[in-house]
Structure formats: C-alpha cells, structure tokens
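Just passing along the structure, written as structure tokens.
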Amino acid sequence: MKAVKIGMPLLMIIIASVFLISSFAIPRANLGNPNGPLYFPIGLSIFMLVLSIIYLINELKTLHERNGKIQGLFEGRTLKLIAVTIALGVIYAFIFEPFGFLISTILFLGCLLFYVNGWKKWKANIIVTISFSFITWYGFSELLGVSLP
Amino acid sequence: MDAFLQGFQIVLQPMNIFWVVIGGFLGTIVGMLPGLGPATAVAVLIPITFGMDPTSAIILMAAIYYGAMYGGSRSSILLNTPGDGSAIAATFDGYPMAQKGQAGEAMAISAVASFIGGVLAVFGFIFLAKPLANFALKFGPSEYFLLMLLTLSAIVSLSIGKMVKGFIAMALGLLISTIGIDPQTGVHRFTMDIPHLSEGIEFLIVIIGVYAVGEVFYNFLTIDKVKKEKKKVGRIWFTKEQWKRSKWPILRSAPLGFIVGVLPGAGGSIASMMSYSSEKQLSKKPEEFGEGAVEGLAAPESSNNAASVGAMIPLLTMGIPGSGTTAVMLGALIMLGVRPGPLLFENDPGMVWALINSMFIGNIALVIINILLVGLLVKILDTPAKVLYPLIIMLAFIGTYTLSYSTVDYFLLLLFGVIGLFMKIMDFPIAPLVLAIIVGGDMEQNFRMALTSSNGSLSIFFSSGISITLIVLTVLSLFYPIVINRFKKRSRNGDKEAISA
Amino acid sequence: MKKIGILLLSVLLLAACSSGKASNSADYPSKNIEIVAPASPGGGWDLTARSVQKILKDNKLVKSNVNVINKPGGGGEVGWNYLHSKDSHNLAVNSSLLLTNNLLGQSKLTHKDFTPLATLATEWQAIAVSVDSPYKSINDLMEQIKKDPKSIKIGVGPGLGNDDHLAFVQVADMKGITPADLNFLVYDGGGGDVVTALMGNHVDVVTTSLSEVKDQHLAGKLRILTVSSDQTLEELEDVPTLQEEGIDMVFPHWRGIMGPPDMTEEEIKYWDEKLTEMVKTDEWKKLLENNDWDDFYQNSEETKAFFDEQEKLYKDLINDSGLVK
C-alpha cells in the first residue's frame, strides 16, 4: 500500500531521470543548431523531475491516509487477473503471425474468457470466443480489407 | 447558385444517397472501434473507389469521415474508451453520465449535438470557405506553437486540485512525443536503434492502451465484488432540462470547432478539447463538469463534427490536407483523376457542390442512424462485465494491429495499459498525457522552426495579432480557473460573514 | 452469402497450400503473389502497390491472385526487412529511400540485398516561390543564397535526406554553395504543409514534388522556378528545366518494384515480361497521367545498373548535405 504510494512518484522520478540522462547522449546535429534537438527533452525532463519530487513530498505527507483504490489492487485476484492478461497478451503477440489471426485469437480470447469468466460458464465462453473471433476476422479482413495474417 | 442546385441534383440521385448512408454507417462503426479511425477506413476503401464515379467516391469518403465523428463518442460514453483523439473529450462527462444510468440520454444528445455542429459547419463552408482558407494561411510556425500551447494549458487547467499530477502527465506525454527521428536535423532521439521506433510512438496506441486496456485493468479491481445493482437505462432520449443546458454550448462550439478544423494539422482533438474547456470556464456550474454535466458532452461533440467539415476547406480550396483522413482522401482522389486545389471550384463546381450538399443529407442520415443505434448500443451495458472485458481487450489488440501491421506494438499496448491503470489508481488526469503525445511533436517542431526563421529571437511569438490573442487566451485559461476559485471562496466567506453579522 | 464466401475462401486456401508444395520454377507463380507496401494505406507506396495489383489482376497478366500487404515503419525499413525473409512470391515497392536509408545509417539493407525487378515511374522535383517573390529564376535565388545563406528559408518535408531535400542540395552544390549552410525548415506533415507555408509567406522557397505545386502554379497562386525533368513538361511550357537554366542535372523521384534476394533467372524473366506488358496498358498510362508521373520503365537488368549509379550520386549528395559526418 505504502509501496504503491511512494512507488508512483519514484517511478516518475526514475522515468524523468532516464530521459534526462539519455537526452545528453543524443548525438549533436550536423545541420542547423547542433544542440537543437536537445533543448526540448532536457527542459521537459527537468520540469518533470522537479514536479515528481514535489509529488513525492506531497505523497509522503499523506502517507497514512487510506486509499481504497490501492487496496483494491491487492484484494482478491485482481493482481493475478492483470498478470494473466498481460502474460496472455505477450503470448498472443508471439503466436499472432505464425499461427494466423483466427487460431491465435480463438486461443487468446478463449483462455482469457475461461480465466476471467470461470469454467462453469464454459458453454457461453466457447460460443462467445468462436463467434466473436469469426465476426471480427470477417469484418476486418473481408469487409474492411485489412490484411490480417 | 446554378452550381448549388446542380450539386443538389447530383446528390439526390439514389446511388449517391445510397453511398452517403453507407459511408455514414461505416464511419459510425469504425469510429466506435478502438484504433480503426476514418483514415484507415478511407484507405482500405480506395481499391473499391477505383471503379466509382469520382463524385460518388468523394461523397462516400467524406461521409465516412464525419460518420466517424458520430461514432467515436459511442465507446467513450459507454466504456470510457475513446475511438480516437477527437472522442477523448467525450469521456469527461459522457462516461460519468453513463455511470449514472444516463447512457441513452448521453448518446442521444451527442448525436444531436454532432448533427447541429455538422450542419452549422456546412453553412460556414458555403459562405466562408475562401476567406477562411486565406485566414488559415496566416498561421505560421509561431502561431501553431501557441495554438498547441493553448490547447495543452487548457487541458491541464481542467485538472484543478491535482495540477502537479496534470503537469507531470503532460511532461511525460511531451517527452514520449520526442521519441523518433527529429525532423529538423535528422537526429535519432531515444530510439535505441529499434527501426520500429524511428517514426515515434503512434498516439493511437497510447489512447487504446491507456484508455481501453487501462480501463479493463482498472475494472478488474472490482470485477469479483458484489454485482453493482443494475443501472436502468430507461430513457433513450434527453430531457427538456438537458436540452436547455446544452443548447448554447452546442451553438457556441460549432463555429469554434469549424475554425480550428480549417487550420491544417489542428483537427478534431484540439477542437473538442478547446470547446470543452471554454464551456467549463463559461459555465455557472463548472464543478459539475467531469461529473456528468450534459453540456460538457454536447459541446465537444458539436465541435469535433464541425471540425471535420472545416478540414475539407483547405483540401478543396487549396489541395492541402488538413488532417490524416483528408490526406488519405487526397491520395484517393488523385488516383481517380480529380485534383483538389484552386482549380477545382472553377473546373468542376458541380462536384464540389455535390459534396457540400451531400454533407447535409449525410448529417441527417447520421443523426437518424445514431439515434436508432442508441437502443441497441445501451445493450452493451447489459453484457456481463466478465465477458465484456476480455472482448474489449481483444478489440484493443486488433485495433492496434491495424495501425502498423506489426505485433511489436502489442508490447507497447500492454505497457501503456499498465501505465493507464496506475494513473487511474493514483488519480492522475489522463487527458494531458494523451493530448501531449498528440500535439507534442508538432509543438516542438513549430517552436524550433519559428526560432530558426527569426534567427533565434523570441520576439516572433509576439509579432502578429493572432499570436498575441493566443497568448492572452493561454494566460487566461491557466489563471482564470484559479482566480474564479479564489473569488468564489472569498464571496462565499463574505456571505458567511454577512450572515454571522 | 457469407457462408459461401468463407467456403470459397477455405477451398482457395486449401488449393493454395497443396499447390505450394509442388513449387518449381516452371510453374511460377504457384501461389498468391503478395506486394508489400512498406507504408500505411493511402500513401504513395500504398497507391503504387495497389495500382500494380489492380492492373495485373484486371488484365489477367498474372494467373494467381495478387494481394497487397502493408508493413509501415522506419521509412520503408520494416517492410523491406519483411520482404528480405520471404520467398519469391513476395514483391515490394521501393524508391530512393532504399538507397538513402542505408547511406544515412538508418538501415543495414541496401539494394544489393534484393532482386531489383523494375523501375516503374518517376515524378519530377520542383522549386517554387510565391507570386510576389523578388526571385524570378533559380539563378536569381541561388545568387542571393550564395550572398547570405541564412536569408532564404527553404521549406521541405517530411524529413531530411529525402529526394525533395537532396534535389535542392544538388542544385546548391552545382552553384558552388556549401549545402550545409542552407537554412531548411522541415515540415514533418510533408508536401501539403510546405505549400501552405509558402502561400502564407512563412518560407521563401519550397522544394517538393511537382504534383504538390503544379495546380497552384497554373492558378497563379505561386510560381515554379524550375523543374528537374530532362525536357520541358506539358502544361508547364513557361517553366524552364534545370538544364535550360544552365544547371546540368536531371533529378528523377522514381518508384520501382523488387523481390527478395536469390530469385531465379526464370522468375526474374517472368516479371520482366509481365511488367513490360503492364506498363503498356492504358490503365497504367491513365494512372501516370492522374498522378503527374512520367513513364520511367526500366527492366531488371537496367534497374540494377541504375541503382548502382544512383547510389553513387546519393552518397555524394548526403555527404555534401552535412547530414552525416
């Protein structure tokens, strides 16, 4: 809980610092003002860094206040749901082109539905998976002419 | 006048009415789907238009364009996931309305607002096309920079009470927009030698990630909790009271959106944001904005549809595309042997007037289509959450694929989904992030071009009437809410004192 | 209707799969041809690919089906990388970016990593000023740049290192101006934005493809100083070519088509025949006319030599431009 509260501003500080440090690594331009490409990123990352530090201080002040949303994150299977969705998404990215649209989408949507909606409603899950995969495939690739693998 | 009537005759041919309706319907559908926007829809239709009469083709493509403006807000209202940049403003009050059980009213008013905005803009087109095209030419790099600055400051100023977070989100968005090859110098910035990143991060991926995927993740927090009592979506038409509140905002936003739409490169996202924030500042009840104020939905809807009509002006009068969609339309028209430009009005007035008149018919058709769809679309809310969310995730992935035809973007999509989740949990405003990514690249380039052309002198930003107006508006947009707040507090305190005395 | 469509499609797919196995050069093409457009739908490459597709199909020049697939990203890099790993039933459209990406250090691939099949068409470059500009000819303008390079703002888009930019660099080079001193304003929206900037007098001169400025010139909204073609163009008899202005260069902005590496002799010959036929069709001529393109057909052999020659030219131009050190 506290970790998230401090983690967010810390993350912002880290992002700003990474941008700031890599801004200096941008090669100098050979044309026009050699530092032209640098000003914006450097200015912005300093701006963001300062604000993130202010944000951190604000969070530290209110560290003990409860935040229902953060609690929600650690309750029940929320974290698991998010993690599984991301994992399935990554797998989807890898199988999308080799397996083709239909097979990979049926697998992806099917797994996700079974996990989120539960095994009990397996009939509905299967029907939804198959029908929606076909409808989107038909709609995108046939009606709209989008080239899908 | 002859040309005007001739144009009407062409539009009223059954075949052309058919194309208007088809285009509008298709536009509504693609507008609703995440990622698929009017630009993609027009592009994939190009092979079909090869065999068509050029007039029918341009009517069809235009109908898709403004049809998408109608459709874009549907998913903003129902699911808090805008279909593209112009529909972001519709999430601010549209989604809260839906949560209060007013999804039907919200969709109906937004359709009517779009209709009014569209029709007013067509009138604007008829009478003002040429002077406005010339006005748009006055916008140089410094004016564009200031226009974008105004948009950003207007959007950040909406996040009263969490300004620090608003500015952090904006800065992050602007930094993300610097990723890629710097156009002015050809230098690679933050690309880490990944060719995929050299053209920068597509803002639509960020929209889909932060809004659609982020929203689903966020809803996972409560998915297993006791079912929220089912909201009744009884009404599918708005009340008299709602209409009274929206009437003037709709009428005011139409010309604003229209003019912003005429400026090449500005487009619907900027138009809808500007009218949202100006309505909030004009409103007597600004505190209701963001909580489901009906005028907060109606104003940007009127504005973005008017902008889509305005964007046709530079295309038709000068052959210059003012937005991604009109750029694709230009390509398609050239293939058909029509070259929009200064000569089109003289060489082929019948076609131009047919297009303009088709926008009347198209908007009438669209308002009917969209109101008929309301009853159907509210059913989406009856879908069990556990089935709906996986489907949204799947649509988000496919929408992303159609943007770049590459699965590399899937990882970016998930990353932005997680970022969106934490922003929602930690109560960050999301619009500044997304808008900063949309305008950031152009903003920086225009700033530097302005300085290059003035040899480094900042005076260029004060050198024209337009610039000074924009600066004044920017300052007002940042400080007006603060001043008003102070003023209100003081007068409230004053009231208390008066009572106690 | 839908069911029949799906059924037909699966039959087709099955047919394609089974015949794919028996592939040998005698019955090339043995499956669907795929043309890669290394850009999003709607752009120049996409239009080229879709036109080729349509004309090949409509005239039944190729016996198998032809599809277009979009692979945008990295200025063509993503699409060409994709083609690199495919078999000879995949083709891709290209332009000078194929050469310049590598020279600018943005890509490891060069034209040598592919099989050039043809150069199809070219656009010409134009240099234009506003109607009230004091510069009446390209030589007037270049003299002013020579005197004070910073005084002339040159509009170009969407990025440095493209033909619009390099054509101007070559002109400057020929006039003895150091190209690195040129004062470019880069509009990343591309040609349209550049023309708007010129008409609003936000830049002094633009360098862009002819099609972007031709109509404006004819309508008297701006003035084309010169075109990069080898002879005076139809409708633009009042505009001198660079050569007529004493600047001895011709600058085509060409588009072509190529295949993956290691195509067999027969396959190359097949495409030489088909593409020669294609550019003779009326539809192709109509397309060229609509786009203000010129016929620039060269077969595989000629294209190969042309690429080598172009690569040398671009290498010099990029070095002179100051883009890379």
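First chain written, first letter: the chains are A, B and C, and each begins at residue 1.
In the analysis below, contacts are C-beta pairs under 8 Å (C-beta built on N, C-alpha and C of every residue); 3 or more make two chains touch, one makes a residue touch a chain.
In UniProt terms the chains read C = Putative lipoprotein.
What you are looking at is a predicted structure, and each value in this text was computed from that prediction instead of being measured.
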Any idea which chain sits dead centre by C-alpha averages? B
Chain centres computed over CA atoms; the one at greatest distance from chain A is chain C
Distance between chain A and chain B based on Cα centroids, please, to the nearest Å. 23
Please work out the Cα centroid separation of chain A and chain C (Putative lipoprotein), and write it as a whole number of Å. 37
Using mean C-alpha positions as chain centres, tell me how far chain B is from chain C (Putative lipoprotein) in Å, no decimals. 33
Hey, what residues on chain C (Putative lipoprotein) touch two or more of the other chains? 69-70, 160, 183-184, 323
Which positions in chain B are in touch with at least two other chains? 40, 44, 47, 184-186, 405, 452
Could you check chain A for residues that touch two or more other chains and list them? 30-32, 147
Quick check on the complex: what are the chain C (Putative lipoprotein) residues that touch chain A? 2, 5-6, 67-70, 160, 180, 183-184, 321-325
For the complex, which residues does chain B have touching chain C (Putative lipoprotein)? 39-40, 42-44, 46-47, 50, 136-141, 181, 183-186, 195-196, 198-199, 264-265, 314, 318-321, 327-328, 330-332, 334-337, 339, 341-343, 404-406, 441-442, 445, 449, 452-453, 455
Once bound in the complex, which stretches of chain B touch chain A? 30, 36, 40-41, 44-45, 47-48, 164-165, 167-168, 171-172, 174-175, 178, 182, 184-190, 216-217, 220-225, 384, 386-387, 389-391, 393-395, 397-398, 401-402, 405, 407-408, 410-411, 413-414, 417-418, 421-422, 424-427, 444, 447-448, 452
Touching chain B in the complex, chain C (Putative lipoprotein) uses residues 40-44, 46-47, 50-51, 53-54, 69-75, 77-78, 81, 104, 106-107, 150, 153, 157-161, 183-189, 192-193, 195-197, 199-200, 202-203, 211, 215-216, 218-219, 221, 286-287, 289-291, 323
Using the touch definition up top, name the residues of chain A that touch chain C (Putative lipoprotein) in the complex. 30-32, 138, 142, 147
